[in-house]
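Multiple structures follow.
Shared chain: subunit A. Partners: subunit B in the first complex, subunit C in the second.
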Partner chain A sequence: MSDWIEACTADAIDEEDVMRFDHEGRTFAIYRSPDDEFFATDGLCTHEHIHLADGLVMDDIIECPKHNGRFNYKTGQAKGAPVCVNLKTYPVKVEAGKVLIQLAS
Partner chain B sequence: MDAALPASRDYSLVGRDSQRAVETGLAAAEWYHTDVPRKAMKELMKREDGPAIRDTAIWLGSMVVLAGLGILLWGTVWCIPVFLAYGVLYGSASDSRWHECGHGTAFKTRWMNDAVYQIACFMIMRNPVTWRWSHARHHTDTVIVGRDPEIAVMRPPDLVRLILNVFGILDVWHAVADMLRNAAGFVSAGEKSFIPAQEQHKAVRFARIWLAIYAVVIALAVYTGSLLPLMLVGLPRLYGAWHHVLTGLLQHGGLADNVIDHRLNSRTVLMNPVSRFIYWNMNYHVEHHMFPMVPYHALPRLHAMIRHDLPAPNPSILDGYREMIPAFLRQLRNEDYYLRRELPLTAKPYREEFHGEDARAAAE
Partner chain C sequence: MAAGMVIVGGGECGARAAFALRENGYDGPVTLIGAEKHLPYERPPLSKDVMTSPEHPLARTIAGNDRFAEQDIRFLGGTAAIGIDRKAKEIIFAGGDRLAYDKLLLATGAVPRPLPLAAQSRHCTYLRSYDDALAIRARLQSGARIVIVGGGFIGLELAASARQRGAAVTVLETQARILMRGVSEEIAAVIAERHRQEGVLIRYGIAIAAITDRDTGVTMTLAGGEKLEADLAVIGIGAIPATALAEAAGLETANGILVNAYLQTSDPDIFAAGDCCAFPLALYGGRRVRLEAWRNAQEQGTLAARNMLGLLEPHRAVPWFWSDQYELGLQVAGLADEASQTIRRDLDESAFILFHLAADGRLVAASGIGRGNSIARDMRLAEMLIARSACPDPAGLAAPDVKLKSLLAA
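Entry: the complex of A and B
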């Protein structure tokens, strides 16, 4: 069983940018890549309790706004100090102009 | 908040006040940020290689020229001004390069950040692993007693220590001791409190590389019977440290501790362009702490954008010292005293639940 949740409309996020999405007490980050693809990860940096949606997207990297920790938002991979733990990623699809995120399976 | 503070502060990273900061929510707290529209912030955060390539070429190019002149003029009185200039570029400009490249904001290209970070760390004698993590903690818990490992002036101020560090004496003493300890394979309890276990071996590796470099330089000095090799590598951390101490003390000196609003514990100072080059715009220190993602070259623009919400900057280094030194002297008698930054009418007020009446009373 899987749950696809509507996170936002596709045009709500600029290309090469990120947006925060809160759902049932959890927080996520929804990304739009320079190639116009959408991705989703947990919303908080794995280093400290900081919202990644306030950070900077550069190509396939999200940089945390507090300590500049970097993740590949497509894979969740931590790219070096001060982040050591990977981000959890979630499947995303776009239907009828809406960005859907799969939260459970 | 100050009313509940014990009379004496415990700055140990594993001590009483560290524990207390965790219990009271001061550690890893949510800090105040001035509202900046997302589009504007994205523009400010944008990375570029151009400014840092230019500045690094000037910085390292000047050092090469000055080093050459120093070698040529060695033994004459004319080498003194040359080494004074070389020393500031080595022992002070390296501080701001270490800092900015540690944040990863100086260059757009990652390897350029990393390369300049390593060079600057060596010059300023800060282990590139240890200090990356200590600085992350400094940004998480800025001037939180027992949590921030980079508090330059603890209370009551140790003025002898401050004066010795104008020439880097205590800093270098500790840096050498730390290097030898790390090179021997030991990581202290304090270091372990902020360096993750999987990163600690890297601190040891860098300490061993540095030790080997210094051994070669010392051997060269002994072999040639001249101080010159050490005048070029190592000693400039002492005789050229004064500028980074001069500017660095202004960052938080005499201001509040144990607050979660950078407007209260950090100081922005307007400076001459030479100092700003050496310091890489870290004189915009409130702005840097509030938004560490903004590169040094964009800080003047950020300052212009949010100054309505910040205390007025000090108009000069001299003005900063005119308020800071009397505050240090008062803290010798009353360590709870601090300079309270007044906000303009256009600013959002401080969150008084975190720095209320008792703290204000200490400031008056």
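Entry: the complex of A and C
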């Protein structure tokens, strides 16, 4: 059993942008894609544990602010050096203007 | 059978090149020759995490033995290549053994610029390698008196780390301010103030007249006669390209191994990349530069590998580097020396970016400082604007509520 957690309101994130969300000692990144869909991944880069929410979103890609490691935030796929470990992704839904993220137990 | 690809230099650049050869489909022999015995590792942590880590710090390797094996890359560590027989297309090792190559990459890096006055001192040291870092770290206990010669990035990052370990730190700078090379005065002032708050004493306009060892430390005699005592002195006065191998082989050099836009030396079968090479920077009219930066090493290693395979792609990147000191992160993209106008954008009370515009309105550089990665996103966008030779509206650059992304689209 896993719960849907409210992360933020939908209008808190611009299109093609990202926001940090901390919950119970864990940190996540919530994305709004250019085509207005929402996604969520673990918040830290798999290379040096930098907060990805300080990075730049371009199309489907989040780029780590430190060393430009790139991931597809929709799939979590690492896109090459210096990152080689994929990001974990989480289901997201929007209800009544709120972004909900499902944290599997 | 193919002789294969040989890379001399087991740092960031050489290692990235070796893996990039495989990523680009090359299936012949790949040999990576490293002067250090360690597997290739990342150097940026040496002045930071390696110094401050409470436990014995391990080198952060770029790839482990398993990846070298999986990718069938032969790594020869602790191995000196002493010559290149260009006619035979062979590398010559210290013991006289030879190794044939089809294409050769020189990624020999740079070495710290030596301070002649320090040549006889056992208590003056340099920071380049993991072993250097461990030796310095072992002497950074609380209360130790450290003198750092040179207010550049290595020296200042080390000063921050040494303060975090409780050492007393004095930085001696010959110029009137720190970071004279490549960082604007406004940003250098923020960094200098941060060091002052932490108790680092930065002294400017200092010339050293003599360096004498004592039993347990070193005495520096300054030009005015004043004597400074320290347990350890670290010299950080720049780096010089490791060009000896290239010069001995008759390749053209001038502050670095000269390469064309494809990173090819004056011998078309030999490439050079990273800290050791001087290359034409396309975005700045092809002027020749040499960069000592992590990302450049990585990008050029990857590009050299592709061009060794015949792809012939010209180099076209924006120079970029960062430095972390205390909680501050600094970034510089582009070359600011062609700028005639500077626009300041304040991101928050402690973070700002300077945009450096040329006379024709082109954005040629951006430099920023702030806590953590607070400037990172806008700096990345600035870099993209620089790459496009864009002429962004100065009013938009100055206004934090105007998104840089919107200027990129313009």
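Everything below uses one rule, namely that the second predicted complex is superposed on the first by the 104 of 105 C-alpha atoms of A that agree within 3 Å, B and C clash if a C-alpha of one lies under 4 Å from a C-alpha of the other, contacts with A are read in each partner's own complex, and residues count from 1 in each chain.
Convention: a residue touches a chain if its C-beta (ideal position, glycine included) is under 8 Å from a C-beta of that chain, and two chains touch if they have at least 3 such contacts.
Since the structure is predicted, the reported quantities are computational estimates derived from the model, not experimental observations.
Colleague: Looking at the overlay on subunit A, is there a clash between subunit B and subunit C, or do the two fit?
Modeller: clash
Colleague: After the superposition on A, what does A:K98 contact: first (subunit B), second (subunit C), both or neither?
Modeller: neither
Colleague: Classify the contacts of A:H23 with the two partner chains as first (subunit B alone), second (subunit C alone), both, or neither.
Modeller: neither
Colleague: Examine A:H49 and indicate which partner it touches, taking first as subunit B and second as subunit C; both and neither are also allowed.
Modeller: Only subunit B; A:H49 stays clear of subunit C.
Colleague: Does the superposition put A:R70 against subunit B (first), subunit C (second), both, or neither?
Modeller: First partner only.
Colleague: In the superposed arrangement, which partner chain does A:P82 touch: subunit B (first), subunit C (second), both, or neither?
Modeller: Touch partners of A:P82: subunit B and subunit C.
Colleague: Kindly list the residues of subunit A that each of subunit B and subunit C touches, one partner per complex.
Modeller: 55-56, 63, 65-68, 81-82
Colleague: Inside the complex, what are the residues of subunit A that reach subunit B?
Modeller: Residues 17, 47-49, 55-56, 58, 63, 65-68, 70, 81-82, 84.
Colleague: Under the definition above, what is the set of subunit C residues touching subunit A in their complex?
Modeller: Against subunit A, the touching part of subunit C is residues 16, 19, 23, 294-295, 298, 302, 322, 372-374, 376-377, 380-381, 405.
Colleague: Please name which positions on subunit A make contact with subunit C in the complex.
Modeller: Touch residues, subunit A against subunit C: 16, 50-51, 54-56, 63, 65-68, 80-82.
Colleague: Provide the residue numbers of subunit B that touch subunit A in the complex, in ascending order.
Modeller: Residues in contact with subunit A: 28, 42, 45-47, 103-105, 108, 129, 132-133, 136, 139-140, 196, 198-199, 291-293.
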